[in-house]
Amino acid sequence: MAKLTRSKLEEYGKKAPAKAGRALVRVGMSTCGIAAGAEEVYEALKGAVAQRNLDVDVRKCGCNGKCYAEPLVEVVSGGLPAVLYGKVDKRLALDIIDKHVINGELLNDHIYGIDEGKGE
Amino acid sequence: MITANINGIPVHVRKGTSILEAARKININIPALCKHPDLDATAACGICVVKNNGGGKLLRSCCTPLEAGMNIVTHDDELQEIRKTVLELILSNHPEDCLQCARNNNCELQKMAADFGIRSNPLHRINKGIAPDISTKSINLVPDKCILCGRCINVCQNIQNVWALSFLERGIKTRISAAGDINLADSPCIKCGQCSAHCPTGAIAEYDETSRTWKALYDTEKYCVVQIAPAVRVAIGEAFGYPEGENLTGKLYAALRKLGFKAVFDTSFGADLTVMEEATEFAQRFVNKTGPLPLITSCCPSWVDFMEKYYSDMIEHFSTAKSPQSMVGVLSKTYYAQENKIDPAKMFMVSVMPCTAKKYEITRSEDMFASGYQDIDVSLTTRELARMIKQAGINFEGLPAEEPDHILGDYTGAGVIFGATGGVMEAALRTAHFFVTGENAGIMDFESVRGLKGVKETTVDIAGNKIKVAIAHGIGNVEYVLNKIQQARDEKKELPYHFVEVMACPGGCVGGGGQPYGVTDRLRVSRAKGLYLDDIKQDYHYAHENPYIKKVYDDFLGKPLSEKSHKLLHTVYTPRPLYRR
Amino acid sequence: MKLILLKDTDGKKEEAVFQEKILAEMKKENVQGKWQVVRVADMGIYNKGVAVKILPEGFTYTGLSLDDIPALVRTSIKEGRELGEKSYGLKDKQVKIVLRNCGRIDPENIESYLESGGYQGLKKVLLELKPEQAIEELKESGLRGRGGGGFPVWMKWQFARKPESAEKFIICNGDEGDPGAYMDRSVLEGDPHSVLEGMLTAGYLVGANKGYFYIRAEYPLAITRVQNAVEQARAYGLLGENILGSGFSFEVDIRLGAGAFVCGEETALIASVEGKRGYPSPRPPYPSVKGLWGKPTVINNVETLANIPVVFSRGGKWFSSIGSPTAKGTKVFALTGKIKNSGLVEVPMGITLREIIYDIGGGMLNSYDIKAVQTGGPSGGVISREYLDTPVDYENLQKLGSIMGSGGMIVIDESDCMVDLAKFYMNFCVDESCGKCAPCRIGTTQMLEYLDSVSKGKAREDDLPRLKKVAMAVKKASLCGLGQTSPNPVLSTLRYFEEEYLEHIREGKCRAGKCKDLLQYSILQDQCRKCGLCYRNCPVNAITGNNKQGYIIEREKCIKCGNCFDVCKFEAISRG
Amino acid sequence: MKHKILVVESDVTFAGKAAELLSSYNYSIYTAGTYKEGFEKIKKLAPDIVLVSLGMLRPGSRGDTVKSILQYAGINGIPAVIILPEAIQFPEGLEAFIEKVPLKTVVFKKDVEQVLVSNIKHLVQQAGEKHRQVIEEVALLVEKWKDKEGNLIMILHEIQKEFGYVPRSVAFILAQRLDIALARIYEVITFYNFFRLEAPGKHIISVCLGTACYLKGSGKILEEIKNILNVEEGQTTRDGLFYLQVVRCLGCCGLAPVMTVDDKVYGNMTRENVVNILSKYAKKGELSNGKAYKK
């Protein structure tokens, strides 16, 4: 790994927040998320993406604070605002991919937050 | 210097002086339980709290330095109430058995409860229920009585560097214990008893052998004899209201006879004898190179125990001469018994020592049975003797001064200064000088070996020979000296010393772990002064001039380091494990 | 894509009916364009009836009835105009500074942090500002320590900056021992680099070249993520020699706690890092003068350090524009207890407790009313519900007999007993007292004894003044902050709920039904349906009978565990 | 110095043979004909290795004295060789107990006496070897942390990770290698809740009693576990399978009440699902009939 220089760091600073060219799926993977089953969900999402051969970035992230709704999965995709799904299980994870990511169709009864700022 | 106000009175003290000390300077006593003058404050008890500038957070006066411009209030209704409640808290976690306690009438906690006029305690009783540790037969650990002031641990770890005692657990379960929760006897404990000397309560006290002594004294079959160590005579008075350091040798002899001892000896005689053997040993090693230098003194049993555990590679440097106590012990059951036609089997030898480790020394190895019997049957501390005198109903003050029994009771000034740090060295050098030059030293600078400096290093000139000596007291100070020796040895450099004296207790035996409670440097100095005055008072100041020493050699031992003296007066040392599992 | 979000915020689950109605109306009105009508699980609006939000316009309506739908669809959906009367104006009350990256970036990847503006604050301090300017900036921000004391951060740094010393240290206090608070864990797990950046900044400004993360051993994931962050930072040259060419060098090491609450106290923490018992020592000397290994040391907690990068990247002035007059910026609270939305919330200082509980937390979990809020953990206290409108900052909480502490906020309802709660905290204090000083060691045990006797109905009325006396002595005479604050749970419950204590003592009654020894369980025969569920759930076979004759509880055998009470579906078990 | 070996075996012929063989390899042999004697002797002699035959177990006995011997051996770092007779009905929990005897132990089945005799030296060496390994492991740890100041707590963490607790023998080795007083080591171990002085069971159950969990009824969860497993906090079940402890906040307050088994966190616990979770770790069917751990 090359050492970071002043100018390189300055570049990072000037860069606009990365454009989500591809769909991004974040899974809250802090202790509480993992305890609630986030690992399983993460694997399910990864698996589904691979199986369907999608260009989707499935990432781990920390806890966004809504512990009551763990495990949490946030989807930023296809012109939609960032949608936060809560109490996600394996089955719902597949729905998230198939309905939301592929078809842009939001899932009923599982949304715990929508953030327009974070979407496109 | 800084200036501040305490209770409205201006005080000027050096920067860094604690509020507690500063207040004492203007005759205000702030009560405190955990602070001991020898030790750094640990801030454990919470009694010494004071106010600054009228309130806010209270300060612990023991460990808070007085700062310029402070306005300290040491006593008001709120502080009194808080202190009393804290004291009640401490008492609620302490057994209410003052009447059966080793420290009854002599306890700092008890005294404070009395001062505060505690008449009842509304709080719940919180008992600790921890079994006492009596494994050493020198020192008893009674954790139930411990108030966790931390003094013993502070002394054991920081002053003595022994690390036998520690806190275990935490919160209300915190307790004092030997290292790693093993028995004290299995721990690195060297039985110096400094923990007991600093304990404010009865949580650590000497292993009490007074009842065994009484039993022997009342046994008509037994022939009880006794010896008293130098340091006892200048400390026992504290138990009877005498001024600090007053020499009460004569009264002590009288009291011991009243207790029923058939003969009263003086350990100072043994000290003279030790000087003879040790100085000879030194002279031989120095002149004839018969053994390695430096020669290190071995009359302190705690120091011997420490060396055997921590520095067993130093064994060859140790003087093989037994301690004065042991020499008197073995001679009483051999020479004295022979001369006076007493069956040594029926003799019961009691020693009165300023020391808890002497209780250990009397069975340290088989050499302690050189007479064919246990040379010394019981070793008592100064504190135990004071109790026995009181129990016996003896009016100590009214006693006339008496003389000891010959021969084992006759001593010189050299023998009696053994009780102070530097004393052994001074006595040995006086005689070594004679051995080397054939004449007594004239004016020699012995002052540089006296006093309370932790490590004293000096060079003494004997007939042109520069003899480098070191004196360390308080085991924590030993490391410096030993490291210097080890380093020189490892690097094959010139030896830093020829002769080293070590005493385990700060101040030497006058500050011993078996002495009356409340030891401070001031007290150590007064007691030592008492011994040096005794030296001046004596007819002889050189061990080799003691006519009775000469007689013992003529009659019985032959000469120093003879075969017989080797058999009776010398011992060997063995490496010992630090911990016994 | 336009979104219509729908939620019955009263929890009556009428969303489906409304959804159909909206869809039907849209069809009827022949609404054009791509629309989705979605039922959401949580809209961030609570107890306001049926709510609808229309995106991207952001029109929000609450308290809707089915009759409102035609107008809503016509005006807001078809015509894109806001409908006046049902409009709901409230915005999200959270402001995320500390948690800005948590849940957003990948905590295991430094790139992710860099891309979201990471290490820009450090760059500014290292390369653009003079140290004095940086300290000024920090002073202007008004940032105060988030670990409990609320000491101004710039002052702490300035104190440690002053003395000449070859070695100085920065310690990140991640020994989050306060039960019920877990924001530090969350930040360490979710955004470790921001804490590291804070430490580096502190190191540079104070003149320290070595830092320690002190993290609870109970947080294995946090430890792993911090370790990972440290390694990545080192690989990027953000740790080590000559960082960013500034000439400044810094290294960090991780030290683990081992289960001792007292190690959150600065001097005890230092002892622990040194590998000793976590005993606090008297101050002065303060750690900033004589700390770790006797060297000047700055100890800041995780949340404080996570604020630092933002203070510098966005400026002290911006930072100080958030918050209350005496407390700037935000505070993260771990909102738990009998609250609907348990979780971490980050709010500007000065927000009221009521807003936190009802507008963010969603209100009470069960049907019971709120009784009090406990803040500050075992060192804090309870605040009774009359004071819910108090703005939250250091001074206000203190006035109410509690503290901000590290940010635990526990909502207590009528089914909780204040004596029991005080006993719970006192139990904690007894367990966690280090044992060094007598007032705390014995005092906490005595207080627990008093509380225990109250909860068992064995106390007498004159025990209360005694309890207070002990509490005052412990508060005043204890050595460290833990001891000094350990009586707070007792003092604050007594302050607001003394009548509950007196009820236990005088009437032998625990109104919340928590104090076992005061309870009697029996079966109300006229309510009982003889289902036998209680019979099967009794762990000690104290319930006898059969499904023909019914059941009774044998009082001598009953251990008052309450299982029967909990399982009965017909409210046929009486407790009292 | 000759190694001291204590053979606890009532079969005189066997004990004799073992003794004869081992003494020719320069070991000092001590024998004990009963477990009680064995326990007395192990304490008194502090042997370097102990051979314990399980052939003396009577049907229906709980094997408590055997356990005491093994426990003592474990705590004091004395490797044990366990000799199993051909067919053995293990008393309840003994097998699991043996599995977790601290300082790993060699178990040898006494199928054919001849085999044993010819193998005994090998076994003894192996046991001694394992003991040596422990010393080396500690030495490695010390080496790793040697130059870092304030290393004691970190080393203790690693030791506990390795052994599940801090064995007494290891503490002694540590004192020596680190040149730290044993007093200091125990001061630290006993101060911090995290460190254990005795071996825990195979699975460690931690029930969170943080405020959020407490208010949401973790007390009842704890009661239920105690009830099912018949243990108290800080104790291991008799079969050595579960160790129960209480912790103050795992930082998962959002999922209160919370408990963990080993590293797995279980949130939103109810009294009812305790048994299901524990069943995952217990032997099949043992918990569901509810009898396994009853008195």
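The first chain written gets the first letter, and so on, giving A, B, C and D; residue counts start at 1 in each chain.
Methods note: a residue touches a chain if its C-beta (ideal position, glycine included) is under 8 Å from a C-beta of that chain, and two chains touch if they have at least 3 such contacts.
This structure is a prediction, so every number in the text was calculated from the model and none was measured.
**Student:** Between C-D and B-D, which chain pair shares more contacting C-beta pairs?
**Tutor:** C-D
**Student:** How big is the gap, in whole Å, between where the Cα atoms of subunit C centre and where those of subunit D centre?
**Tutor:** 39
**Student:** As a quick test, compute the distance in whole Å between the mean CA positions of subunit A and subunit B.
**Tutor:** The separation of the two C-alpha centroids amounts to 74 Å.
**Student:** Taking the mean of the CA coordinates per chain, how far is subunit A from subunit D in Å?
**Tutor:** Once rounded, the distance between the two centres reads 45 Å.
**Student:** Could you say which residues in subunit C touch two or more other chains, in rising order?
**Tutor:** Residues 182, 185-186, 219, 260, 277, 342-344, 431-432, 434 of subunit C touch two or more partner chains.
**Student:** Multi-chain contacts in subunit A: which residues touch at least two other chains?
**Tutor:** In subunit A, 31-32, 34, 66-68 touch at least two other chains.
**Student:** Could you pull out the residues of subunit D that touch at least 2 other chains?
**Tutor:** Subunit D, residues with two or more chain partners: 184, 187, 191, 250-255.
**Student:** Given which chains touch which, is the overall layout a line, a ring, a star, complete, or other?
**Tutor:** Chain contacts: none of line, ring, star or complete; other.
**Student:** Dump the list of chain pairs that touch, please.
**Tutor:** A-C, A-D, B-C, B-D, C-D
**Student:** What does subunit B use to touch subunit C in their complex?
**Tutor:** Counting only subunit B, the residues touching subunit C are 41-47, 49, 57-58, 60, 63-65, 78, 81-83, 85-86, 89-90, 92-93, 122-124, 126, 147-148, 150, 167, 169-174.
**Student:** Give every residue of subunit C touching subunit A within the complex, in rising order.
**Tutor:** For subunit C paired with subunit A, touching residues are 1, 3, 5, 15, 19, 36, 38-42, 44, 55-56, 58, 99, 101-108, 112, 114-120, 123, 127, 182, 185-187, 189-191, 219, 221-222, 232, 235-238, 244-245, 340-346.
**Student:** For a test of understanding, state which residues of subunit B touch subunit D in their complex under the given definition.
**Tutor:** Counting only subunit B, the residues touching subunit D are 157, 163-170, 178-181, 187-188, 578-579, 581.
**Student:** In their shared complex, at which residues does subunit C touch subunit B?
**Tutor:** The contact residues of subunit C facing subunit B are 260, 277, 281-282, 284, 430-439, 441-446, 449-450, 466, 469-470, 472-473, 476-479, 484.
**Student:** Can you check the complex and tell me which residues of subunit D touch subunit C?
**Tutor:** 148-154, 156-157, 184, 187-188, 191-195, 209-212, 214-216, 220, 223-224, 227, 247-256, 263, 271
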